[in-house]
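Okay, got some structures for you below.
After this come two complexes, each holding chain A, first together with chain B and then together with chain C.
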Partner chain A sequence: MHVPNGFIDAPVSVGAGLVAAAGVAVALRGARRELDDRTAPLAGLTAAFVFAAQMLNFPVASGTSGHLLGGALAAILVGPYTGVLCVSVVLLVQALLFADGGVSALGVNIVLMAIVTVLAGYGLFRGLLKVLPKNRAAVTGASFAAALVSVPASAAAFTLIYALGGTADVPIGGLATAMLGVHVLIGIGEALITAVTVSSVLRVRPDLVYGARELIGRPELRVQAPVPAQA
Partner chain B sequence: MGAGHVHRLYLDRASPVHRLPPHCKLVAVLAFVLLVVATPRERMWAFAAYAVLLAAVAAVARIPFGTVVRRTAIEVPFVAFALLMPFVATGEKTTVLGLWLSESGLWSAWDILAKGTLGVVASILLAATTEPRLLLLGLDRLRMPQLLTQIATFMLRYGDVVAAELGRMRVARASRGFEARDVRATGVLAKSVGALFLRSYERGERVHLAMVSRGYDGRMPLLDDVGATAGQWSAAALLPAAALLVAAGAWMGI
Partner chain C sequence: MNRKRFFLGFLLVSLVLAGVVSFYASASPDGLEKVATDKGIAEKEKEHSLGDSPLGDYGVKGVDDARLSGGLSGVIGVGVVLLAGGGLFWIIRRPGAKDSGGASGTAS
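Here is the complex of A and B:
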């Protein structure tokens, strides 16, 4: 859910815009390191992927469904800097073209959904991989944990921004409890989708999972004698 | 694939608003939205005035009213949130239609609805009067880092391709008898997401190679430049200038 205009007051919106601009500037430098001159097409196509993946609805139970947010997934698949860029560009296009999320709240949305999710998710992911054994199950488990934490982390950051510049006097303690409660549930869904997605990419192109690229090499080509068909 | 390259959100009309350079419109919308957000919520007349300003822009741009209203559906989740406000906010309580509601919560709900809706309508008008390609060109003119506008350009250009890929996967799943009923479908759907990522990323690799073989060196050639004259800037400034008058009136407590 994107923060619209008028939800956060003007000074805090502008402040968040500055933080977002700084974060995106750092990500731009980092992405050039991750992808060099391939940055624009690859990050662009990944952004298109995140955008399309958000349109896929996952049924939860009778009638309700949720969709992917994709911050942690993008960071694990293409790297943290490129991940921040992809999600930021998706948010920019959504705000300008689809009126989804306010133009004045774009900074807030980038901070919450691109920067915080990637920092929390990817940070935890790399931390876990340091202590876990180096195999596919561990990478899948770490992706689950990363996505699970990234969503409530974003909700906590929202509560913080709301405490600074919220326009309604909702008790902050209550808001924090409600936001975290709901977003832990959303996080479980996000974690499930992220983990299965990462695991399925690992099976086919392990070299494309940026977060685990040095753990798992390319599968070696095995040549076998053809098995005669059973009649 | 055979469809036109005009985005479905863009409404092609011959109007002064359509002809304005994109960066002028971007600055105007941003200034307008910031002024709306900074307006004290107690001045209800100010928001009515803002709505009239937007209606005037829509009329000049010949964007049908119904189209704008239909597209505001995007803010439905927030309307739900706003309607909750009077029940959860603290502060003095009043009785409205027999319901025991928080007074400040009512104000907040009004605040979110009014400012949110005005912002949504402003963005809808921007997208309806400006081709997406030109919007990105406008961002470029406003000194947004080139790499960022390039990524956004690729995202727009291939967004429909990737979405169509997702659609074909859905058809493929459905024709094999798959139906997403509950949480047990996650495995299948998430594998589709994984496959979609691989196809998108590998398409990106091919696009990059195709670009390199045509002389790409990290910068995109500028095909059409959109300069703005002083006259165009002042035409675009009409909306935020009028909004500034309204906002100034609201701050001074009329």
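Here is the complex of A and C:
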């Protein structure tokens, strides 16, 4: 999903850069509330995991692959504001060191892969948790759905940006259909990776999963609670 | 699982994915590249301005073995992202807030 240089014209690239800068600024303010001595290292590790997972292209259809975007995953693990920052750091490193994603398209890529995925994915995740039972299976299921939707949401956002500032004259309806079609398939891979990762962390350290913090008591609380009753 | 061990395990998974498993990743174009090629968008692509960087396209310049070059670039990338992201998050965190060390932690 990394947009290279030349796909989007200069004015829309600059506009997307401004939106990305505003989004990152909001995320920097919001992330203060999500990060403490416990969760700051986890957030760094989550960014590193997203980078690693983005290298793993999986086949989705003949001659086409996809890879994790990671916005939904990062938001569920470390919080939505920190999640935007995690993916943004990954995109910055990829653009500057790995020639992956154009430098002039960095704003576009942050909007598509850091901001839209978190808004769509984490928004759906929170909505689902309101109606689902409060247990680990529900968190895993909501993670699956959030990740699944985040990828076509990102593809739809690309189509919209392309309609505004695309450099080639292509019919937007056909572009939208093609982008959404393939990215629904990629979304299934995103959903599987996200659900497996979230449920793995939930199994060993549920207290560290931001998205589950209201549902699952910290393990030390569960262990300590019966002690006064027995004394 | 104590927190330090969990963090080390999480890092190890990322290093193995980027350093070893990445060699087996699909080389097919991703969804956007495929659609861009099919629809004639890709003709407008411009060269990456940092395309000949030492780590360009997930390989280490000067290392000829594909498995080693790609794996090494992945490990370096994981390290750089961890340092950049971890450093940023450590700076902007609320210092000292509810630090509990796994099972021995305090119930605040």
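Definition applied: the second predicted complex is superposed on the first by the 196 of 231 C-alpha atoms of A that agree within 3 Å, B and C clash if a C-alpha of one lies under 4 Å from a C-alpha of the other, contacts with A are read in each partner's own complex, and residues count from 1 in each chain.
Convention: a residue touches a chain if its C-beta (ideal position, glycine included) is under 8 Å from a C-beta of that chain, and two chains touch if they have at least 3 such contacts.
Owing to the predicted nature of the structure, the values given are computational and were not obtained by experimental measurement.
Judged by the touch definition given at the top, the superposed model places A:Ala53 against both chain B and chain C.
Contact with both chain B and chain C is seen for A:Gly6 once the two complexes are overlaid on the shared chain. When the two complexes are overlaid on their common chain A, residue A:His67 makes contact with chain C while staying clear of chain B.
In the superposition on chain A, no contact is made by A:Ala157 with either chain B or chain C. Of the two partner chains placed by superposition, chain B and chain C are both touched by A:Leu208. In the superposition on chain A, A:Ala191 makes contact with neither chain B nor chain C. When the shared chain is aligned, chain B and chain C each come close enough to touch A:Ala43. Touch criterion met: A:Val89 reaches chain B and chain C at once.
Legend: residue contacts after superposition of the two complexes on their common chain; A:Val182 is shown touching chain C, with no touch to chain B. Shared interface residues of chain A (contacting chain B in one complex, chain C in the other): 1, 4-7, 28, 31-32, 37-49, 51-53, 55-60, 85-86, 89-90, 92-93, 95-100, 102-104, 167-168, 170, 174, 201, 204-205, 208.
Touching chain C in their complex are the following residues of chain A: 1-7, 28, 31-33, 35-53, 55-60, 63-67, 82, 85-86, 89-90, 92-100, 102-104, 155, 158, 162, 166-168, 170, 174-175, 178-179, 182-183, 185-186, 201, 204-205, 207-208, 218-221, 223-224. On chain A, the positions that touch chain B within their shared complex are 1, 4-7, 9-10, 13-14, 24-25, 28, 31-32, 37-49, 51-53, 55-62, 68, 77-78, 85-86, 88-90, 92-93, 95-100, 102-104, 167-171, 174, 192-201, 204-205, 208. In the complex of the two chains, the chain B residues touching chain A come out as 7, 9, 26, 29-30, 33-34, 36-38, 41, 71-72, 74-75, 77-78, 85, 88-91, 104-105, 107-109, 111-112, 114-116, 118-124, 126-127, 132, 135, 145, 147-148, 150-159, 161-163, 165-166, 180-183, 185-187, 189-198, 200-201, 203-205, 207-208, 211-212, 216-218, 220. Residue ranges on chain C touching chain A, taken from their complex, read 1, 3, 6-7, 10-11, 13-15, 17-18, 21-22, 25-32, 34-36, 38-41, 43-51, 53, 55-58, 73-74, 77-90, 92-100, 102-107.
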